[in-house]
Amino acid sequence: MSFCQGLWQANQALYQRTLDHPFNRELAAGSLSVERFRHYMIQDAHYLVAYGRALAVAAAKADQAEGVVQFANAANEAVVEERKLHDGFMRDFGISAQDFATTPLTPACHHYTSFLLANSWSESYPVALAGLLPCFWIYAEVGRDIHARSQPGNPYQAWVDTYASEEFHAAVRAVIATIDRVADAADSATRTRMAEAYRYSAELEWMFWDSAYQESNWPTR
Amino acid sequence: MSFCQGLWQANQALYQRTLDHPFNRELAAGSLSVERFRHYMIQDAHYLVAYGRALAVAAAKADQAEGVVQFANAANEAVVEERKLHDGFMRDFGISAQDFATTPLTPACHHYTSFLLANSWSESYPVALAGLLPCFWIYAEVGRDIHARSQPGNPYQAWVDTYASEEFHAAVRAVIATIDRVADAADSATRTRMAEAYRYSAELEWMFWDSAYQESNWPTR
Amino acid sequence: MSFCQGLWQANQALYQRTLDHPFNRELAAGSLSVERFRHYMIQDAHYLVAYGRALAVAAAKADQAEGVVQFANAANEAVVEERKLHDGFMRDFGISAQDFATTPLTPACHHYTSFLLANSWSESYPVALAGLLPCFWIYAEVGRDIHARSQPGNPYQAWVDTYASEEFHAAVRAVIATIDRVADAADSATRTRMAEAYRYSAELEWMFWDSAYQESNWPTR
Amino acid sequence: MSFCQGLWQANQALYQRTLDHPFNRELAAGSLSVERFRHYMIQDAHYLVAYGRALAVAAAKADQAEGVVQFANAANEAVVEERKLHDGFMRDFGISAQDFATTPLTPACHHYTSFLLANSWSESYPVALAGLLPCFWIYAEVGRDIHARSQPGNPYQAWVDTYASEEFHAAVRAVIATIDRVADAADSATRTRMAEAYRYSAELEWMFWDSAYQESNWPTR
């Protein structure tokens, strides 16, 4: 079993809970409220820019020149996706540029992006990558599941279709391959840190969806 | 009004809510449950090590050699405090080294420490310092308030007394002086970022106390 | 006069010395020894990977999402250029993959790349960008000059032609525009640091060419 | 043989060249020109502040809380030493605060400090430490050698005596112990990077002394 397969298996129960989360079930069924979807999209856009920054830091730490290319491109892609959201889904769902600009990060989004940035900046390359993996991998698998379950006439069908993009799945497989390679060469303390970083991100991924469903906000505001 | 006084005033309502939080009121009254205090102490110890790391990054970015000394010493102090907790209050309240080692960071502690690390690593020196300020300043002021209100026979009196340490208050004044100096020299976009970083930390400070009171844990475990 | 134009003017004499350097004069004349050109190409390839890493760090620090895209793409481009060298000019001039792998960085290349990395990691976004500018700008201008002066039958003509690429010049103009924008918003201490970082890189750029001409190596080996 | 002993042995020839360098021989004999000593002291002061910054970054990356304390203290010590130079030896040898402030870093000092900062910021904790080791260890050993050889009436005797400080040697032993521990736990690619970082710093240490002896400056000024 490869290192990444081991991570997947160790976090299988959390993945199942993620699939079963009402946000994802209702998105597939097409019954998710528009408010929750809007909340999610805005936070997703905030998230993607921070994700791009964390990927750029990982690019800078790559052990091989190929990794600089791989993660600089991923950083670029993350922000390009964010730009597309504004001109596509956000417009379709009535979120103006100003709505976006004046909606702050929720605690869940701020927590997840803070962790990704902290982890990419302060940890070694393998650990940085492990923290970045769930957003690629869990997102791709949840997306595939939602796409397969999506009901006819789903108002979110265009969004759900983006999950099935072969280009995205190919990128995910390439990231997994890089992480397996660096994990195989890493010492055991590093592999333990990698598993911890992956776990934190997988949990924060669940909390991100849950926060969108709860439409949570700062208790301090 | 100095830059830091401006920050304080802008966040006055949140400070008042922090003073009024049941955790702090009950700590002053001596009625806080031992479980909540234990929970708090363990998270505080986790927090201090991360705070020391974030301070060390700020030291590395200091605009003047004096700042390297100021924040390298603060980093050292944070971890020395953490060491003292283990040999002092933790022992007194029956928390073994193993209890501590096996108690993971709560979401509130993980969120706050992730933010401090992300902010110190990725932002400029003035913004890094602004994020580090609430833990110095709000903590000192809340402590002074609790110390003043503490009831006779308070089982937490020894802990409450540490808040009154003149050495700690002198360090806080010196940090404020440094931040006022760098804020005065900074451009307006930087001052805006400083205010945002301060606000986030002030909110996460409140959420840290609230989490201890709620004895919160990961919804994903 | 824009901020970047001011930098250019302040360093005009050094630019003139760079144009007049025998390495560049002989490259234009076609009289440069193959050994010196080989030495240069190998160090250039080493340089480009480090330059890509430094650009990726700058991308992570960008004040706007557009900057993440701009510098993540530049990071990608730098390493893509390095890859092309191996399959193109290096092959044409008889440098095998093994020749490259076993040729260490010279002191000049190690000095310049160390500075770029140190500056990108430890300084604020505007200062990081200013350190990265000379390699874009001076290189483009020196290249334009060499291209204009190149003699018929120049054995380095294919190399010299790459300097004239409109795509490269467009990228340089976009970088200058970003730097002018952030410099305009920056405080005066930051602008002073920007000028220092630019100056160091401009000097290290000259020393890089001079080192190739001298075929310099470590005095300690 | 411990990891660090292995590093020492692999770089034995360079160490011998460092001992034999005219700067060190003349310092021991008391025949070094005052100009060369002044040049050295000024660059040493510049160096120490950057060294303190690089140590602070290493502190932030420490794998254990003890390492945060160890290297935050070392960062503090480096700058405290720099402060002492100004009030002690610099005054004794007629270097005013303004002389110092207006003397820029030489290429050798700029190269070495850029490398230390780049290495501490961009590399993992073990590699960061390995780059910081030569300044502790080689300096301590060279100092012991010079102290043993110093001639009666040496005008630099007070300076030479600082090398013999048991406090400094104890700190060096503690750093070696930490590096041996992390090297023992590290994978082989990390140990290779550690050896490379150590080698670069050892070479830059020699070049720093050589530059002082040559009273070198920027060829671009």
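The letters A, B, C and D name the chains in turn, as written, and every chain counts its residues from 1.
Everything below uses one rule, namely that a contact is a pair of C-beta atoms (placed from the backbone, for glycine too) under 8 Å apart; a residue touches a chain by one contact, two chains touch by 3 or more.
Values in this document were obtained by computation on a predicted structure and should not be read as measured data.
K.L.:
In this assembly, which chains make contact with chain A and also with chain B?
P.N.:
C, D
K.L.:
Determine which of the two chain pairs, C-D or B-C, is joined by the larger number of C-beta pairs in contact.
P.N.:
C-D
K.L.:
Quick check for the class: compute each chain's Cα centroid; which one is farthest from the centroid of chain A?
P.N.:
If we average the C-alpha coordinates per chain, D ends up farthest from chain A.
K.L.:
Same residues or different residues where chain A meets chain C? The copies count as same if more than half of the interface numbers are shared.
P.N.:
Result for this pair: same.
K.L.:
Please report how many Å separate the Cα centroid of chain B from that of chain C, as a whole number.
P.N.:
Distance between chain centres: 44 Å.
K.L.:
Could you please state the distance in Å, as a whole number, between where the Cα atoms of chain A are centred and where those of chain C are centred?
P.N.:
35
K.L.:
In whole angstrom, what separates the CA-based centres of chain C and chain D?
P.N.:
That pair's centroid distance is 30 Å.
K.L.:
On chain A, where are the residues touching two or more other chains?
P.N.:
Expected reply: 53, 60-61, 122.
K.L.:
Help me check something: in the complex, which residues belonging to chain B touch chain A?
P.N.:
14, 17, 53, 107, 110-111, 113-115, 117-119, 121-122, 200, 202-203, 206-207, 210, 218-221
K.L.:
Within the complex, which stretch of chain D touches chain A?
P.N.:
60-61, 63, 122, 124-125, 185-190
K.L.:
Going by the contact rule at the top, pick out the chain A residues touching chain C in the complex.
P.N.:
Touching chain C from chain A are residues 49, 52-57, 59-62, 65, 68-69, 71-73, 75-76, 79-80, 82-83, 120.
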